[in-house]
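Input: a single structure, listed below in structure tokens.
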Amino acid sequence: MHQAQHEITINTRGQGLIEFTREAAGFIRESGLQTGLLTVFVRHTSASLLIQENADPNVQHDLLAFFRRLVPEGDALYVHTAEGPDDMPAHVKSALTATTLSIPVADGALLLGTWQGLYLFEHRAAAHRRRVVLHAIGSK
Amino acid sequence: MHQAQHEITINTRGQGLIEFTREAAGFIRESGLQTGLLTVFVRHTSASLLIQENADPNVQHDLLAFFRRLVPEGDALYVHTAEGPDDMPAHVKSALTATTLSIPVADGALLLGTWQGLYLFEHRAAAHRRRVVLHAIGSK
Amino acid sequence: MHQAQHEITINTRGQGLIEFTREAAGFIRESGLQTGLLTVFVRHTSASLLIQENADPNVQHDLLAFFRRLVPEGDALYVHTAEGPDDMPAHVKSALTATTLSIPVADGALLLGTWQGLYLFEHRAAAHRRRVVLHAIGSK
């Protein structure tokens, strides 16, 4: 049984989805693992992870629009406002999506479905450097 | 350390929850693993996974009703409408629930709570064949 | 490759977030694992898991307020009401957050970001004893 671990940095430019399927697939390839499990972990509480359709870019647009409406900025509900009107909504959106994902590996590749891509979901308005940990365990 | 991997197919008949706890438990039993981790992964972006109460079927009814109201069809917000009025809501519901689950194994059995069942959450209106990957790692 | 497994009990006092980062970190330390993966699993369907900011307590207050408004008690939508007005909302909030989390381990420590803490999210109004399973796999 073998393990591999790597941290990637994703530079974001405001709210949106950034695909990193290629980086994750490359990490598995380089690890040499044939059968195993990839775990992805985002080290932040105002950005999250999502597995979504990577065919039609409109899906990303609509996801963003839905979450923006569901968790609006300037909500009178919030006490935690010191870090800006987009900060508390970012925490809520993170809670509603995922901080961690695990994807099985077979024949040296991620077992993603045909239309599935891995995305970082940036919830803050400003540009950020986001750290994502890739961890793989399995056999060569 | 050992691994086992298996893909199951779940035939759905429109929106709803379909339990597959028995299939997952059987997979662990056949793997011979005594201590380990089961990861469940759904290879789609318009169906998702859920661990929920398997005692009162009304819980499933109410979950469905809640998500249907929270993410209504025919929402003017969406641009991605070519695949039908239930498609974009399906992606949103998937984003709000889980694509992947990990359940510890002890004494050769899943460490589920008394009332916990594993469910596929179908979000599309039409019948679909859904592929779910089971991956186990651990010791015999 | 080694594994460790432990169940912790968290006593809750009504709706709220209870941090257990310290218990999880202690479990990893005692396991002796240097590189690996921690999986956390809550054995209930009316309490869930969350990784959130542990700096400003107001974040917890606002998360609670948001979920309470999004999933109100006494909703005419629900059929499953026999266990109290807070029961079905608890199942919905669990479905919207996480039942399972996986966090990579490096140099014998959890790879959490600077502001990330592990929380049990209690959704019921009454006090409960919640069982959370910690499972670690990796190398010493």
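In this document, chain identifiers A, B and C correspond to the written order of the chains, with residue numbering beginning at 1 in each.
One rule holds for everything that comes next: contacts are C-beta pairs under 8 Å (C-beta built on N, C-alpha and C of every residue); 3 or more make two chains touch, one makes a residue touch a chain.
Just so we're clear, the structure is a prediction, and the values are computed from it rather than from any experiment.
Student: For the identical-sequence pair chain B and chain C, what's the CA-based rotation angle in degrees, nearest 5?
Tutor: 120
Student: Could you label the chain A-chain B interface same or different, taking same to mean over half of its residue numbers are used by both chains?
Tutor: Here the answer is different, because the shared fraction of interface numbers falls below one half.
Student: Roughly how many whole angstrom separate the Cα centroids of chain A and chain B?
Tutor: 19
Student: If a residue has to touch 2 or more other chains to count, which residues of chain B qualify?
Tutor: As it turns out, chain B has residues touching two or more other chains at 1, 70, 96, 98, 102, 137.
Student: Okay, in this complex, where on chain B does chain A touch?
Tutor: The contact residues of chain B facing chain A are 1, 3, 5, 39, 41, 43-46, 70-71, 75, 77-80, 82, 88, 91-92, 94-96, 98-100, 102, 131, 133, 135, 137.
Student: Which residues, counting only chain A, touch chain B once they are in their complex?
Tutor: 1, 35-37, 50-53, 56, 58-59, 61-63, 65-67, 69-70, 96-98, 101-104, 106, 111-116, 137-139
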